[in-house]
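Structures for review follow.
Look at the two complexes coming up: subunit A is in both, with subunit B in one and subunit C in the other.
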Partner chain A sequence: MRRNNVRAAAEPLLFIMPCILVLGAFVYYPLVQNLAFSFFRFSAFSPEKVFVGFGNYANLFLDKTVGTALRNNARYAVISVLCQVCFGLVLAAILEDRSFRRVGQLFRTTFFLPVVISISVICLLFGFIYRPMDGLLNGFLELVGLGSLARPWLGSSKTAIFATIAVSQWQSTGYVMMLFIVAIQKIPEELYEAAEIDGASKLRRFFVITLPQVREMFFVTSVITVTGSVMVFNEPYILTQGGGPGTSSITIAVHMYQSGFFKDMMGYASTLAVLIFGISAALAVLQLRSFRTGEE
Partner chain B sequence: MRPYSQRRPGRDSLGPAQLPVLALLLVGFAMVAYPLFWIMMSSLKTSDEISLSMWSLPRVPQWRNYANAWKFGISGYFVNSLVVTLTTIAGVIALASLCAYGLSRFRTRWTRSALVFVMGGMMLNPQVCLIPLYGLLTRLGIRNGYLAMIIPYIAFRLPLNTLLIRSFFLAIPKEIEESAIIDGCTSFQAYGRIFMPMSRPILFTSAILIAYYAWNEFLFAIIFIDSNKYRTIPAGLMSFRDALQVDWGPLIAGMAISALPLILFFIAAQKQFIRGMTAGSVKG
Partner chain C sequence: MSKRIQALLAVLVIATSIAAAQGAKTTIRFFHRWPLEPRKSYFDALVAEFERRNPDIEIEMDSVINDAYKEKIRVLVSSNDIPDVFCSWSDSFAYNLVKSGRIKPLNDLLARDKAFAASFIQSQVKPFTFDGKVYGMPQTIDGKVFAYNKAIFAKAGITKEPKDFDELLATFATLKKKGYPTPIIEGLADPWTISHYLGTMFQRYLSPAVTAKDYNEATGEFTDPGYRVVLERFQKIVDFMGPNATSITHTDARALFAAGKLPVIYIQLAEFGLIRKSNPDIQYGYFNFPAFKDGKGDPGLLTGAPEGFMLSSTSKNPEAAERFFKFIYEKQNAAQFVKAVGAPVAVIGAMTPDNSFPELIGAVELINGVEGSAPWFDNAVNIKIADAFMRGAQAVATKDKTIDQVMAEVQAAAKIVRSEAKK
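Now for the complex of A and B:
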């Protein structure tokens, strides 16, 4: 009898443990270790660690690059919410409109295509598009008589960050659009019929029906997009060789990578990782809370 | 009842009122489609043509760009990506479905804490664990090898996929499992012979999500791998670029080779793909 009890208690563990162990060892343990690391100064190549207390955290405030990086991450977030979330919603509403249903499929598939392409392919592609002399963008501007606008998009510290942000918009707007399309398809058709009988125009139907009905999704996509903006790494790493010219297009994740793996300041890099964790965890809590309200 | 759209034929077609919006859509279409078309077109050009006549079609299609790209290293990266992606899919599906079964079929104090543990994992992103993981993989002696990508990929894909599969398992009626147990099935057999076959749709969705992630992952792939031998396509393309310098034809052909598998897969299984990507709601 007792043996049966033990077996009954152990059985669920057999199913759950492999997953929990992998999560514990390769996600939670590194997370805790990272927090510990942030109080030390150490190099990747020597086992010796020097305890510096909150020294690394104090350096966050002295390091001018942190400010530049955070400002760039904020630019990423604002532009991404405007372009991906707001514009993505408008796009979804248009493609789900009855007048456009027949052509909608083609546009939908095309707008979604960049999402499935690897970011390194996309960054290499935009490397060609942004080339100063023989790039597609400057070539196009000259073709339509706007040659005076042509400039070295990635080579100038004024435009590099915005050129980098544009790449993310090009890739991800279709993804957010698709999330909104799924949300719009769940809205009961009767709501639109009733509004149409009342004589509401398309624009009005968008504001009084579509917008309130996708409120939840609007929140979720905003949080996803802002979280993505906090973690941007690939685009500046590939397009501007790690945030150049100078540090003009650096993001906090690139700064972490360079502090750790180029300057070999592993402890300080861990501190930057804690900063990323703090911001993204706060956003994740917001997101989880929204899921809960969605269930109720 | 017929769908609303079929009852009022006159108001559904594209009229002049829709023309400005349609024009805007076409501009967007061109902005997305032309660069992709440009990749395909330029992959068949010589480097001089790419630089000097960027808008024109290839004079003579340079198929050898593809042969060269394949020979200069893309083939190796391609095989590596395949190995890493397939192993990651198998690992995540196995661990996540086992765990999902345990979480959905047993209700104890332990399983409730385990569920919170798994859900918490959704909040953690790979960058935060980068530096300790680097050290951990080095100490385990598996850095700079397939496992250096596969194990972290599996670990970071587990939370989302466990929750997805669990929600599907929860919807399977308890009676099916109970009658199987009465017939003498162990719970492991119930998992393998009843739950897994019944859950093919969600497992397929998960597999797509995992494939998308593993095929495109960049951060771990460049930091944990030093040797060209183990590079996957996204990281390999970077060394490919540095090696080829201005020999653009093969580079762009390499880009096309890297992008095509997922594009074809997407077009072939569009419905499942979109369901998977939207169920995940996880970008990047």
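Now for the complex of A and C:
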């Protein structure tokens, strides 16, 4: 009898054990180890580690690049939420509208296509578009009589970060749009029919039916977008050679990578990793609390 | 036993034998930094030829470009996942790898094979030698010079090469006046291009005692006012590079020069082959970085250092790795490298009039004729300091930082480096 009870108690544990082991080995153990590393100063080439206490954390406040990087991440987050989440929702609503049903599929595929292209390829492509002397963008601006707006997009500290952010928007808006399309398709058709009978315009139907019905998805996409913005790495790393000119387009993930693998400050890089973890966890909790509806 | 089972067993035995035969092959991991042409094809062919001659050895080749290579090889060395044979810059870059204790000293190999040891230009082995031990052998030799388009100079009425820095600026000013709004473009989007300028200019302007003290990790402070002067003078060159100075890569700048659209470029001798490939007809001359009238350093030195290959001390197949290592430097392979790539090499006798071209032969004469060589700045100092200078000078070029701010960041980086060196 007792053996059966023990077995009954152990069975669920056995089922979740693989998950616990994998998570433990690949998520929680590295997380704890990274936290421990952040209190040391060490080189990747040497097994010696020097305990520096909170020295690396104090350096975070003295390091001006951290401020620049966080400001750039904040720009990423704000622009990404506006473009990907808000504009993605509008795109989804338009493509799901009855009058767009015939061409919707074509546009859906077109907008989603950048998502399946490798970010490295996209960055190379935009590298050509942004080229100052023979790039497509400056060429187009000159063609339409806006030559005065042509500039070295990636070579100027004023535009490099925004040119980099624009690439992310081009790639990811289609993905968020697709998530909203799925959410919109789940809204009962009767709601729209009832509103139509009551004489509600398309705009009003969007605000009183679509928007409230997709708020769960709005929350999910916001979390994905904002946490993605904190961890953005590829675009500045490839497009502006690691956040240039100077450090004008650097992000916190690029700064972490360069501190660790370029400047060989592994302890400080671990501290930056802790900062990234702290920010993304805090943002996720904040969004979880403010958007929680309990419906799904 | 039925026939079917017998046949099945026979198939299994054959399959196992094939697998065993394949398993008997020794695998060597080879990692380099040239995924682009023309070197990619050269190394592909080199590996294929080696495998043909050594059927018992299989080479697993991998490559990533330049800055990514610097980072990846550091990661591989630090994680003990070091390739058997891999390329490396000399001087401090090599020394950092050597400090890991995972790079094989080559003294035994050189003592065993005296002919191999004697096949190199000996001065080019020194930058791979630390504490009396040789850790790498040079493949390419290099130097940095100003290359100029002869036709454009003639059109602008410039008849002589500048002999000092003021004359260099005057040359740029003349070109600008004669219809070339950007007389020089370097490709400052690549931060390493800045380090090539600054390294040479520091060497020319500062006293050797200052650079010796500051380039030493344990004593470097970078407080000499000369660094500020050099940054100011570098900005004078940048002013001639136009508004796109920091948005063009060095590859693009080289393409502009090869196309005859750019009057002057500061370029490595190893790039001459690439210019020739793009435009075999271009006529260009070149000169060493001119002296500063008020400089305290030796203006006769040429900035540049050899690049070569190293062996892992943790290799599971050291004999096979060594065989491939030596194969890279065989005279006919080095000669083929010169022909395919158009870069000068450190293997004696590999360059002949048949496999090179006048500019390349001139380049080797220049290297052999100068009083000595100065290392690349980003290899001469700790990377934290080099990065502070490179990023800082880039930010000064875009008017985002002042020279004082940059020097403050450099001094802060030097403080960290000193504290690490003293631990």
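Methods note: the second predicted complex is superposed on the first by the 259 of 296 C-alpha atoms of A that agree within 3 Å, B and C clash if a C-alpha of one lies under 4 Å from a C-alpha of the other, contacts with A are read in each partner's own complex, and residues count from 1 in each chain.
Everything that follows uses one rule, which is that contacts are C-beta pairs under 8 Å (C-beta built on N, C-alpha and C of every residue); 3 or more make two chains touch, one makes a residue touch a chain.
All of these numbers come straight from a predicted model, not from anything done at the bench.
*Asks:* Under the stated touch criterion, which partner chain does A:L124 make contact with: subunit B (first), subunit C (second), both, or neither?
*Replies:* first
*Asks:* I want to verify the contact counts: of subunit B and subunit C, which reaches more residues of subunit A?
*Replies:* The partner making contact with more of subunit A's residues is B.
*Asks:* Can A:V220 be said to touch subunit B (first), subunit C (second), both, or neither?
*Replies:* In the superposition, A:V220 contacts subunit B only.
*Asks:* With both complexes superposed on chain A, which partner does A:A194 reach: first (subunit B), second (subunit C), both or neither?
*Replies:* neither
*Asks:* Going by the contact rule set out at the top, does A:A74 touch subunit B (first), subunit C (second), both, or neither?
*Replies:* neither
*Asks:* Is A:L146 in contact with subunit B, with subunit C, with both, or with neither (first, second, both, neither)?
*Replies:* The answer is neither, since A:L146 touches no partner chain.
*Asks:* Touching A:F233, do we find subunit B (first), subunit C (second), both, or neither?
*Replies:* first
*Asks:* Check the residue A:V103 against both partner chains and state whether it touches subunit B (first), subunit C (second), both, or neither.
*Replies:* A:V103: touches subunit B, not subunit C.
*Asks:* Considering each complex separately, which residues of subunit A are in contact with subunit B in the first and with subunit C in the second?
*Replies:* Overlap of subunit B and subunit C footprints on subunit A: residues 44, 261.
*Asks:* Going by the contact rule set out above, which residues of subunit B touch subunit A in the complex?
*Replies:* 3-5, 11-15, 18, 21-22, 25, 28-29, 31-33, 35-36, 38-39, 42, 51-52, 54-55, 95-96, 98-99, 101-103, 105-106, 108, 110-111, 114, 117-119, 121-125, 127-136, 151-152, 154-156, 158-159, 162, 187-188, 191, 212, 215-216, 218-219, 223, 233-235, 237-238, 241, 248, 251-252, 255, 258-259, 262-263, 265-267, 270, 273-274, 277-278, 281-284
*Asks:* State the interface residues of subunit A toward subunit B in the complex, per the touch definition above.
*Replies:* Going by the criterion above, the answer is residues 9, 11-16, 18-20, 22-31, 33-34, 37, 44, 91, 94, 98-103, 107, 109-121, 124-125, 128-129, 134, 136, 139, 143, 170, 172, 174-175, 178-179, 182, 189, 192-193, 220, 224-225, 227-228, 231, 233-234, 238, 253, 256-257, 260-261, 266, 269-270, 273-274, 276-277, 280-281, 284-285, 288.
*Asks:* Tell me, which parts of subunit A touch subunit C in their complex?
*Replies:* 41, 43-46, 48, 50, 130-133, 151-157, 240-242, 244-248, 258, 261-265
*Asks:* Subunit A touches which residues of subunit C in the complex?
*Replies:* Per the touch definition, subunit C meets subunit A at residues 67, 70-71, 74-75, 77-79, 96-97, 99-100, 188-191, 243-248, 252, 383-384, 387, 391-392, 394-395, 397-398, 400-401, 416, 420, 423.
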